[in-house]
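As written, the chains take the letters A, B, C and D, and residue 1 is the first residue of each chain.
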Amino acid sequence: MKKIGVLTSGGDAPGMNAAVRAVVRKAIFHGMEVAGIYHGYQGLINGNIENLDVGDVGDIIQRGGTMLHSARCLEFKTEEGQRKAISQLKEHGIEGLVVIGGDGSYRGALALSKLGFPSVGVPGTIDNDIPGTDYTIGFDTALNTIIESIDKIRDTATSHERSFIIEVMGRDAGDLALWAGLAGGAETILIPEVPSDIDGLVRRLEQGYERGKKHSIIIVAEGVMSAGELATLLKEKADIETRVSVLGHIQRGGSPTGRDRVLASQLGAKAVEVLMEDRGGVAIGIRNHQVVDYELSEAFNKAHKAELSMYTLSQELSI
Amino acid sequence: MKKIGVLTSGGDAPGMNAAVRAVVRKAIFHGMEVAGIYHGYQGLINGNIENLDVGDVGDIIQRGGTMLHSARCLEFKTEEGQRKAISQLKEHGIEGLVVIGGDGSYRGALALSKLGFPSVGVPGTIDNDIPGTDYTIGFDTALNTIIESIDKIRDTATSHERSFIIEVMGRDAGDLALWAGLAGGAETILIPEVPSDIDGLVRRLEQGYERGKKHSIIIVAEGVMSAGELATLLKEKADIETRVSVLGHIQRGGSPTGRDRVLASQLGAKAVEVLMEDRGGVAIGIRNHQVVDYELSEAFNKAHKAELSMYTLSQELSI
Amino acid sequence: MKKIGVLTSGGDAPGMNAAVRAVVRKAIFHGMEVAGIYHGYQGLINGNIENLDVGDVGDIIQRGGTMLHSARCLEFKTEEGQRKAISQLKEHGIEGLVVIGGDGSYRGALALSKLGFPSVGVPGTIDNDIPGTDYTIGFDTALNTIIESIDKIRDTATSHERSFIIEVMGRDAGDLALWAGLAGGAETILIPEVPSDIDGLVRRLEQGYERGKKHSIIIVAEGVMSAGELATLLKEKADIETRVSVLGHIQRGGSPTGRDRVLASQLGAKAVEVLMEDRGGVAIGIRNHQVVDYELSEAFNKAHKAELSMYTLSQELSI
Amino acid sequence: MKKIGVLTSGGDAPGMNAAVRAVVRKAIFHGMEVAGIYHGYQGLINGNIENLDVGDVGDIIQRGGTMLHSARCLEFKTEEGQRKAISQLKEHGIEGLVVIGGDGSYRGALALSKLGFPSVGVPGTIDNDIPGTDYTIGFDTALNTIIESIDKIRDTATSHERSFIIEVMGRDAGDLALWAGLAGGAETILIPEVPSDIDGLVRRLEQGYERGKKHSIIIVAEGVMSAGELATLLKEKADIETRVSVLGHIQRGGSPTGRDRVLASQLGAKAVEVLMEDRGGVAIGIRNHQVVDYELSEAFNKAHKAELSMYTLSQELSI
């Protein structure tokens, strides 16, 4: 290939810029040209495309968000939209595409590949919910943002001897809640992968208070229920008073951690290698510290699994 | 005086520990003993009191929250409660009291002083809403916590070209919203000290979009309205889509900034000096970089004023 | 004036970008044009000048360093160089100049003003060493960077019960050392404004160890002596073992704090107001929370004073 | 076993406290008692031992350093010292020992095990240089501390268009330099595992300057040479000017990252499980996300390997 394109799609994640930088520089290092496609698939359809040089991705490895912007695009879900996209790509002399994003972004890459345009998916999402890769780009940064928040809330929880419910992101995947809960020393973690046992939670809290525990921190993934709903349940069932904190959008931003920058660099570079072999329809991932590529379809068919040994461990350590 | 007591009361604020450290060490430096009173006025009534030595306040200058804990106390609002408190103080040989906290805590200190027990107020609250002092302990840290959150949310706002409403603390005082809004480059700031002009806000936003602005950040102090209410208003009035983020409890915690540690050290030490002169019923503050003391009653009678030149400036700079 | 220029000069300081943003937007708000001059006075002589629009200073308020770059320039110290600069300014239709920097940058602004070109100085330096303003832009951020480093080193000092000497910036001014030392809970602070008493320091350290102190943190401003020299002195004089840490260049960088962003916004905007009145030869500063302007020459003739009450306080609190 | 002991030894590392917490709580959860041994092996010989309860390790998961302190101990390198240690352990009813530390600490644990006292090693060191485990506790935090410093220095490097040499820890292992260099976008990384090619480095730098590169960041592991030596070499060989920054002791401290807290929790808990099976002489590690245990001797006999694919990648991405 002589020229490839790169876009970011879906919710932004810290490290997306580091991945874009890796794609651009790796490709240029190997003698190819690179086009940046702005505003995701919508921008692709609209021809919002500009060449990127080495210097255009200088001084971005440390920045949150995505310099290529991201956007939703209903039109791209239709085959008509996809064909428009391919026309644009061809018009710009682009022969392969790197898509950095989550689940929905991958479906788009697969559609393009099936229509004959080689496209590769790089996992960029804070949720860590893409099957086939041990970690996604952005997860480690979001984890650290959450535990910094837990640390701050713990100051107040300890000072006032109050219990707090902290709601974190994760509609279907509990990884952020699980890791942050274990790392934050939370007494209880509620994740979508484990059926919620509110009676058991009440019992644990009451036993804690009996043993002299003065405050508790409960982490709940948004996919289980909202922090507000849980607070109401605890109040109604057992007259347990809690304060509520919904971390919300701060979880997505910020300068990426070392891990996320390294991962983004590795996966972005690998995506270019795959395209250099004229292959498409594949996802890039990391498994046991090895950078791998695998069928994009696997990223949909397999289910993401939470590390339940961490769940058990967090319960043992929060006695 | 041979022995003084110190307590923290009201919402915790970063720097309270630095202030406790200053009180303890300054007093010991001048040959006095110091008793730590745990759990605020409630702990005082209950006799939850222990002597503090130099080492007991080592390694705490950098910690958020308060090692003395804080608590609400209805009983202390009665004269009976206050007399119980004085009995406890006398029983422990304590001759003067330093109270670190906000508005409500000051009322308690004044009540004790009126009953003949010399008490001094040190302003510990993130809200910066205590008349008579330019800054309160904790304000600077909370300000920086908020702007770090704004910076993170801006990553997403820029990437997705979406507008965000960020709700910050401040029931009666808009200082946090005003400073954070100016420092965070917010397009609009809503504070209790300035009547909200929603039509004007809509006009500003629409003009911005017309000029090509792709996203806006709006800061609203909780005392004006909730971020959710504002989002609904903007949607209903002008079909403007916004995302909402309520920063909540993370604003209270965290390691204090340099300014807050220095301020806490200065004000805590000054409180001891005042007690060494057998004076009570006074509040400690900083005015034009000078540490001052003044009648506690002034902290209630005067109104806190927001720096409205900053409000005007933020509008000029967010064109 | 219809068009003004802005440049940064001397060592970079966090908040310089926020000041540039304020200058640009304030001027545009009042109907003027603004030219950015790149690479300081050298760039000015070379005509490295480009117009700046509102969007050019978007998303920079939170960035360290200076987007206008900075550089040394020997040529500008000559009148010939200064006249070249004025030619360039006139060629670009620029009628007034805002110079953001320290001591040396101010001398340049004064020279231009004396040659008839109205120039205004805005204090951008981490050292806080410019007479006539209570604070300089960058000082607060550097202070917080230093205390974060002290906090980290304290972890090791406490764990290993070792004493550390930490060298911080400040050739002539001890403000960073003084504030950071007090805020970091340092046992001893050495600043240029107070004659060093090494024998007294040895005595203090030995008394501390006798009282059971297990470790000490000593802050030394580079203007006093290097950390290495002090370590050698302590070893030779009293066989006291210390570890040494030179913070160096990390003190200059990083995202500016809330205070620095607000200060930069206020001072940058004020500089524009002064130029709008066709005045030059003045410096902008903050005194007792009021933005002021004063003769540039005052910034040289007066001496910077350290707040020695903080020095005394730090000794009382580090018993 | 009914009672186990835990100590930290060697250089402190962020996450040691989280590991201590895990050991204590896991053991208590399974009905055992736990003794904390203060000041490493020296404290063990001296009988500096106290029982730890659940609450004693509350609120420490987020703290840097080690609450058990650490110290050097020559005496423990002798069999006599080791026998004294075993006497102390027996006297306190302790039947198994968890040692958290690096290389030297492991040798001690092996010695005790050989003398019949079951001891387990948990890898706590920022250097990531223990064979048999993919990561050591503290590495991730130190990595992030270093890249925050690089980000700050980059602000100055960019503003002034100067090149910087940053010296990081790593006497025998280049992992910190390698990861931080890749994550920090460094142009050049020098690690002990790759022979230094100064001529090649000079060529790379000169080519960069020719291509228009204005500044470079060079990371050097202390085991290769000091930053000062490298600066002198570059100056002498090719008249290349650089600034030097030695990060030093700040790399050891600070609140542990999410990864380090999770890893510390997992490895600390596993150490208890191993002792519950009456096994000693083993090291705990993580391999491909699985917690494992293996012969302590393997941690000496095998050599640590750096991930050289990262080295190659960093060169490709820093064109």
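One rule holds in what follows: contacts are C-beta pairs under 8 Å (C-beta built on N, C-alpha and C of every residue); 3 or more make two chains touch, one makes a residue touch a chain.
If you want to know which protein each chain is, UniProt gives these names: A, B, C, D = ATP-dependent 6-phosphofructokinase.
All values reported here derive from a predicted model rather than from experimental measurement.
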item: Shared interface numbering between subunit C and subunit B [over half = same, under half = different]; value: same
item: Greatest separation from subunit A - chain, by CA centre; value: C
item: Where subunit B and subunit D are represented by their mean Cα positions, the distance between them in whole Å; value: 39
item: Subunit A-subunit D separation of Cα centroids, rounded to whole Å; value: 28
item: Rounded Å distance, subunit C centre to subunit D centre (Cα mean); value: 35
item: Residue numbers of subunit D (touch at least two other chains); value: 151, 154, 158
item: Touching pairs - complete list by chain label; value: A-B, A-D, B-C, C-D
item: Touch list for subunit A against partner subunit D, complex; value: 21-22, 25-26, 28-29, 54-55, 59, 61-62, 134, 140, 143-144, 146-147, 151, 154, 158, 179-180, 182-185, 212, 255, 257-259, 261-262, 265-266, 269, 288-289, 307, 310, 313-314, 316-319
item: Partner subunit D, residues of subunit C touching it in the complex; value: 8, 11-12, 14, 16, 63-66, 69-71, 145, 149, 151-156, 158-161, 164, 243-250, 252-254
